[in-house]
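Every chain is named by a letter (A, B, C and D) in the order it is written, and numbering of its residues begins at 1.
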Amino acid sequence: MELRLDTAGLSGFLEREFGQVAQDFAVERVGPEGLLLRLKVAERHLRPGGTVSGPSIFALADVAMYLAILSRIGPVALAVTTNSSIDFMRKPVAGRDLLGEARLLKLGRSLAVGDVLVRSEGQAEPVARASLTYSIPPVR
Amino acid sequence: MELRLDTAGLSGFLEREFGQVAQDFAVERVGPEGLLLRLKVAERHLRPGGTVSGPSIFALADVAMYLAILSRIGPVALAVTTNSSIDFMRKPVAGRDLLGEARLLKLGRSLAVGDVLVRSEGQAEPVARASLTYSIPPVR
Amino acid sequence: MELRLDTAGLSGFLEREFGQVAQDFAVERVGPEGLLLRLKVAERHLRPGGTVSGPSIFALADVAMYLAILSRIGPVALAVTTNSSIDFMRKPVAGRDLLGEARLLKLGRSLAVGDVLVRSEGQAEPVARASLTYSIPPVR
Amino acid sequence: MELRLDTAGLSGFLEREFGQVAQDFAVERVGPEGLLLRLKVAERHLRPGGTVSGPSIFALADVAMYLAILSRIGPVALAVTTNSSIDFMRKPVAGRDLLGEARLLKLGRSLAVGDVLVRSEGQAEPVARASLTYSIPPVR
């Protein structure tokens, strides 16, 4: 249950390894109960009408779960998403960032499973809900 | 956010309308935050080795979400499951009942979405996680 | 791509290892392209109104994929379902068996992925669609 | 079963309504059996190591299903994704476009359901498999 990477460690990892997407996200909080990730909504994330696109919401959920896993196993392993199921429930509020709250439900030797609630900042009702499975390669 | 059916109302509904499966389940608790449903594990729910079968876990999640919806819209509507995604994470503990905790994330005019965490009684770590979408027929 | 278990081999395995459910199913066909499994619909699979219950449809999809995997890796390994996503699309036709057509999309060393189309016998339009992931334990 | 929009009609719609993403995609083929959509893989779709990112694969599946629906109902309705479940099965081949083959399994009055197989061009084995549900607003 010990954290191997804190907010600063995760942010540094993201910038080093995922330069293209690091600017889209900010790690707000990480702890034993999970991780909160911000999608800094910009023009490139929007669809006509001003809503955040589905793939951008998916990316927020995917990165949030990935970082939640790394906060526990450290930056060494190369985890890959094997499955994701996502429910889009409400339109995001225009002009607001999105916040993804990731919760790790299982961290096994080869599979990690968790879910993410996505909300527009300042709203209680969720925009989307995603569950994700990551495959964790065996330690060499 | 008002409840249209409480624990007794839901149990009565289950017995009246779903006689064959009503004996498998017990409504433990219902409130604005969700519903807790017990699967009274019996021989017929088990697979070789003594674990509860996947279809029985699925049934627990499905019925828990169904009753959580009915607690809010009343016993009138005929809601049907349109989608379910389920992650099986751990073996259930042998000889224990399963508890499904349903949380309603969206209750729209035509679709309801929620998720269910399934645990062996007395265990913190979840056995399974399911998300479900129900289609709610228009009021006549 | 070689088959390790044919129709008779799979039926025998089902009877030996899964006595309680074996009577519900019949392996109709197995080949390199997949497997066709029949759910012999009986009273115990029905919900009020005469439709086949969701858990019974889930069980058909789950067993079909399980047997499709075993047809390729043999009866030795103990594969377990880790994820399933299912869409319920149409009411099954009353009084008809259901047929599940499983297609194996990936058979890796530790994960197998596939999908299943479920139809009422004699109908072209599917009742349900499921995708399933199985975890395959390492060979000892 | 009649097509309301052919390849040219769908491409025009995409350019008019989804200017930002239209350049990423090309409609290769559309017919009663489904639709084939190309993701013209460019630098912006890649993750470190040169693989196409998960959100880009998700976008391909989402747009392919969206266009398959519009090919049947015409460009009038505003369909939105309500659920998607995706399995990532293999690494895309470096330097190749991705092709998404969408199949419409249900086109109801309020919900459409289908699935998409994603392959690297020239490869038989799929990179990913997605199922998607769209909500179709009532005709005014």
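By definition in this document, a contact is a pair of C-beta atoms (placed from the backbone, for glycine too) under 8 Å apart; a residue touches a chain by one contact, two chains touch by 3 or more.
Computed from a prediction, not measured in an experiment: that's the story for all the values here.
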- Note on the structure: Note: chains that touch chain A and chain B both are C, D
- For the copies chain B and chain C, the interface residues, called same if over half of the numbers are used by both and different if under half, are same
- Message: As a test of understanding: of all chains, whose mean C-alpha position lies farthest from that of chain B?
- Response: D
- Taking each chain's centre as the mean of its CA atoms, chain A sits from chain C at a distance in Å of 33
- Task: Quick one: report the Å distance separating chain A from chain D, using the average Cα coordinate of each chain.
- Result: 23
- Chain centre separation in whole Å, for chain D relative to chain C (CA means): 28
- Task: For chain C, write out the residues touching at least two other chains, lowest number first.
- Result: 82-83, 85, 87, 89, 133
- Query: For the complex, which residues does chain B have touching chain C?
  - Reply: 17-18, 20-21, 44, 47-48, 53-56, 58-59, 62, 80-89
- Query: In their complex, what parts of chain A are in touch with chain B?
  - Reply: 85, 87, 89-90, 105-106, 113, 115, 117, 125-126, 129, 131, 133
- Task: In the complex, go through chain C and note every residue touching chain A.
- Result: 82-83, 85, 110-111, 133, 135
